[in-house]
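Next up: the structures, one after another.
There are two complexes below, and they share subunit A, which is joined by subunit B in the first and by subunit C in the second.
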Partner chain A sequence: MSMRRVAVVGAGMTRFVRRAMETPKELAWHASRMALDSCGLTLNDVGGVCIGSAPDAFDGVHMKGEYLSDGSGAWGKPVMRSYVGGGTGVFLGPHGWYHVASGLFDVVLVVAEEKMSSFYPHAQAAFLTIFDHTTERPLEPNLLWIFALEMNRYMQTYGISKRDIAQVAVKNKRNAADHPCAMLGEANITVEDVLNSEVLAWPVQRLDVSPVSDGAVAIVMAAEGVAERITDRPVWVQGVGWNLDTAYWTNRDLAYPEYVERAARMAYEMAGVREPRKEIHVVEPYDPFDYKELHHLEGLLLADRGKAPELTAQGVTARNGAMPVCPSGGLLGVGNPITAAGLMKVAELFWQLRGEAGARQVPGTPERGLAQAWGDLMQVGTVTILGTQRPS
Partner chain B sequence: MTQRIASYPGTALSEEDIERGHVLSVHDQLRADYAWDAGLAIGLYLDGLKAGVILGVRCRRCDRTVVPPRAFCEQCFAPMDAFVPLADVGIVNTFSLCYVTWDVKRIVEPLIPAVIDLDGTSPPAGIMHLLGGVVPDRVHIGMRVRAVWKPARARQGAITDIRYFKPLRRG
Partner chain C sequence: MPLDPTLHADDLRAWYGSMPVTSRYTVGPAGERFFRAMKDAARILGTRCGRCNLTYVPGRLFCERCFDELTDWTEVGPSGTIEAVTVVHLDLDGALLEPPVLMALVRLDGADTVLYHRLSGVDVADAKIGLRVEAAFRRLEDRTGSILDISHFRPAG
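Showing the complex of A and B:
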């Protein structure tokens, strides 16, 4: 591919909170400004802007990309908003990458913002309209249903217990205790706490679920030749992948996310990764529910089917384990402002690979990390692979 | 994270801040009415439901029978017009016992959404519906269930013409 190499050179984020005083534009501006400051750039250095934000229904504002553009540094610039539901945050990896790789832009600002608290009284109800209006919505479905149905199928197919799955929530909420922007970090949470929390939609209980949140994250991407002048430690985009399955979600094997595997294979091929379990050193898979981390590790080919819970039980996925998974604390711990949570995972890889993750830093010198997100009607997989080595 | 940053932006508000007017906010309710056309395939599906029949469709090229019916095969992109009546009997592929409504109100008796694989389809090809007429604790994956229909005169050509699916055998 005659594409230019692309690096991440800066990142910024706001705290993730249940309800932010700031408007979406203000949140976007805080994260964007921090990302530019982190690499010593100004708006004048930015050629184009890539925005990701989830359903307009949360804010009750149509054309949310246009609304957010001022806060995203897009005044008078080419700007493009992308949206693939919960997968959007990590889709911003490929979105920003081909803006730069194509040769169109030397530097782009990539911004993800979500303010879910505006929807009253609870953002959950805004999700009703993702279901088919004729064949499903008259049944008054709840977003929890699709997760509960998928989790139950996953548990049944492989004989996985709720206790096995609860360990993921414990790991991630404990990890988040070391994240300065986290909403639900809890250093002392136990598996019993998760198993004793309120049953929402069995098998899903309160502490199996990430929270409704407000927040913003931004990164700066730059072309080869430019990136090295901005920073002596650019983190390179080594691979990107994305894939969409059918919207007929009930016509699908719910125990295995085939579309995540397709997205991962696309990214691995681009990155030249042949043995992902050896070559991926830090992983940020999408964890809006605890079982999803396991489901996704399997789809990413980082665990055998039905075996991801064993990796968690053995401590392999702990922050100091052989393959750290969600060292940030993930959506379960840091919070889940939908697209911002996805881009937070990409930003976490940037900080981990530069050795700047502070108390969350994984041991050793990780050279390559993978972020993944998921969304729409359980149908999209998005993957971004970052690494310290410039792609050949 | 860059340890140079002493404090991160983003100010957390509580419900009390809003209720007591510590911060100002504007409330509004958006009202939007729609009339969605069912289209060709789902139009036939709704006609079938009104008549007490669940209609699937077969892709002649993929030799695959799916429900809900559709006008084209998303896998091979050929038209799909071999509509076939399916049995109103199937197997519970997965289910949940849900204690909150779509707008997050707590309920005591759970709703039991399920994916049901109907007989005569090519798995995986289920539909989402509700289970009823069963003690929640007794529901299990693999359970055989049958549609419970509204009386013919009450049917409107809607997915809710099936009230729910209930176990073929008691308990």
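Showing the complex of A and C:
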């Protein structure tokens, strides 16, 4: 490909919290400022701005990209907002990569923000109007219900138990106990806690789900030749991929996320990854529900179909395991301000690959990581692969 | 034929729906200070960016141009100058407004940004760019910490 190589050179994030006093643009500013400070840049160094944000309804501002622009450093600059539902945070990988790889910009600031607490009384109500107004809305579905259908389908197809799945929530919430920005870190949580939590829509229980959250994350991306002057440890974008399944969510394979596999294959091909289970050293798959981490590991070809629970039980996906999965604590532990949570996963790879993840640092010297998110009406897969080696 | 217009919506299987949204907004740390000063003391506060030589009103937490945190609070107004004005004759539903409503952009003295607000107590013919105006505050007991604590702007003096 005749595009320029692109690196991540800085990252910053706010704490993820239940009800932030700060306005959405103030949250964006905190994260953006931190990201710039982390690599010693100012707004003068930034050529363009990439903003990602999920439904306008969350923050209660129709035209959220424009609303967030000043807090994202976009005054007087070319700015573009992308939105593919929950997949947006990781879609910012390809979004920012395009801006720089194309040659249009040497340095871009990439910002994700969500303030879900604005939606009153609960952010779930924002999702009532994402469904088809003719065939579905009269039945008043919400996301928890449709994911309960998917989780049950996944469990029955492969004979997976609730206990198998609860291990993921335990792992991620324990991992999050080491994250300074986390809202649900629980060092001593057990599988029994998850299995005894309130039933929301069977088989989904309270601790199977990530929380409603407010927060922002930003990263700085730079072109080859520029990145190396900003930092001696640029983390390179090695591959990006995204893919959309049918708009009829009811007609999808609920046991296996085909769209994630297609997005992953696109990214693996670009990154030159032939054996992902050997070549991906740290994974941040999207885990808004505990079963989704398993589902997504399978779609990413990092586990056989129906076998991801075994990897979890064997400790393979633990932070000190052979293939650490969600060492950040994920959405289940750190929190889930939708788009910010996705970009948090990309930022986590940046910190892990530079050895800067502190108490969360995975052992060894990981050279390549993968972040993945999922969204729209459970039909979009987005993938970003980062690595310490500059792509050839 | 596809896309033939129908003038009889009631003959179709059509219905009314809504996209209900209720939001609870916060004003943020800078907004807390701005609106508290307006509510408690009928004072209008801005924040100053020394680097960019700009005073933002309402006071903001950060400068959008240089990204500095803004901590230098300063009082502006309550008088200012009309920068733009319009005479609104129809409301959002198309009903006639009688009398018409004046909406204006006001640059308060000491500010580099403008406020969008109502203009009252002036003949339409006199509502022109450059007119000197002042904020008319609601009474203390009626103020809630809202931009409507200024009920409108009126000619100064």
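We take it that the second predicted complex is superposed on the first by the 392 of 392 C-alpha atoms of A that agree within 3 Å, B and C clash if a C-alpha of one lies under 4 Å from a C-alpha of the other, contacts with A are read in each partner's own complex, and residues count from 1 in each chain.
By our rule, contacts are C-beta pairs under 8 Å (C-beta built on N, C-alpha and C of every residue); 3 or more make two chains touch, one makes a residue touch a chain.
Bear in mind the structure is a predicted one, so any value in this text is a computation, not a measurement.
**Q** Quick check for you: in the superposed arrangement, does A:133 touch first (subunit B), second (subunit C), both or neither?
**A** Once the two structures are laid over each other on A, A:133 reaches both partners.
**Q** Looking at the overlay, does A:386 come into contact with subunit B only (first), subunit C only (second), both, or neither?
**A** So A:386 meets neither subunit B nor subunit C here.
**Q** Please work out whether A:35 is in contact with subunit B alone, subunit C alone, both, or neither, and reply first, second, both or neither.
**A** After superposition on chain A, A:35 lies in contact with neither partner.
**Q** If you stack the two complexes on chain A, which partner ends up touching A:227: first (subunit B), second (subunit C), both, or neither?
**A** neither
**Q** In the superposed arrangement, does A:23 touch subunit B (first), subunit C (second), both or neither?
**A** After superposing on A, A:23 lies in contact with subunit C but is clear of subunit B.
**Q** Under the stated touch criterion, which partner chain does A:60 make contact with: subunit B (first), subunit C (second), both, or neither?
**A** So A:60 meets both subunit B and subunit C here.
**Q** Would you sort A:252 into first (subunit B), second (subunit C), both or neither based on which partner it touches?
**A** In the superposition, A:252 contacts subunit B only.
**Q** Of the two partner chains, subunit B (first) and subunit C (second), which one does A:119 touch, if any: first, second, both, or neither?
**A** Second partner only, subunit C.
**Q** With both complexes superposed on chain A, which partner does A:71 reach: first (subunit B), second (subunit C), both or neither?
**A** Touch status of A:71: second partner only.
**Q** Do subunit B and subunit C touch any of the same residues on subunit A, and if so, which?
**A** Overlap of subunit B and subunit C footprints on subunit A: residues 20-22, 60, 120-121, 125, 128, 133.
**Q** Under the touch definition given earlier, write down the residues of subunit B that touch subunit A in their complex.
**A** 1-3, 5, 7-15, 17-18, 23, 27-28, 30, 34, 36, 38, 42, 45-46, 66, 68, 70, 74, 93-104, 110-111, 113-115, 124-130, 141, 158-160
**Q** Going by the contact rule at the top, pick out the subunit A residues touching subunit C in the complex.
**A** 20-23, 26, 29, 32-33, 36, 42-43, 57, 59-60, 70-71, 73, 75-76, 117-121, 125-126, 128-129, 133, 137
**Q** Show which residues of subunit C lie in contact with subunit A when the two form their complex.
**A** By the definition above, subunit C touches subunit A via 17, 19-32, 61-62, 64-67.
**Q** For subunit A, which residues count as touching subunit B in their complex?
**A** For subunit A paired with subunit B, touching residues are 13-22, 27, 30-31, 34, 38, 60, 120-122, 124-125, 128, 132-136, 138-142, 144-145, 148-150, 152-153, 156, 179-181, 199-204, 214-215, 246, 248, 250-254, 351, 356-358, 360.
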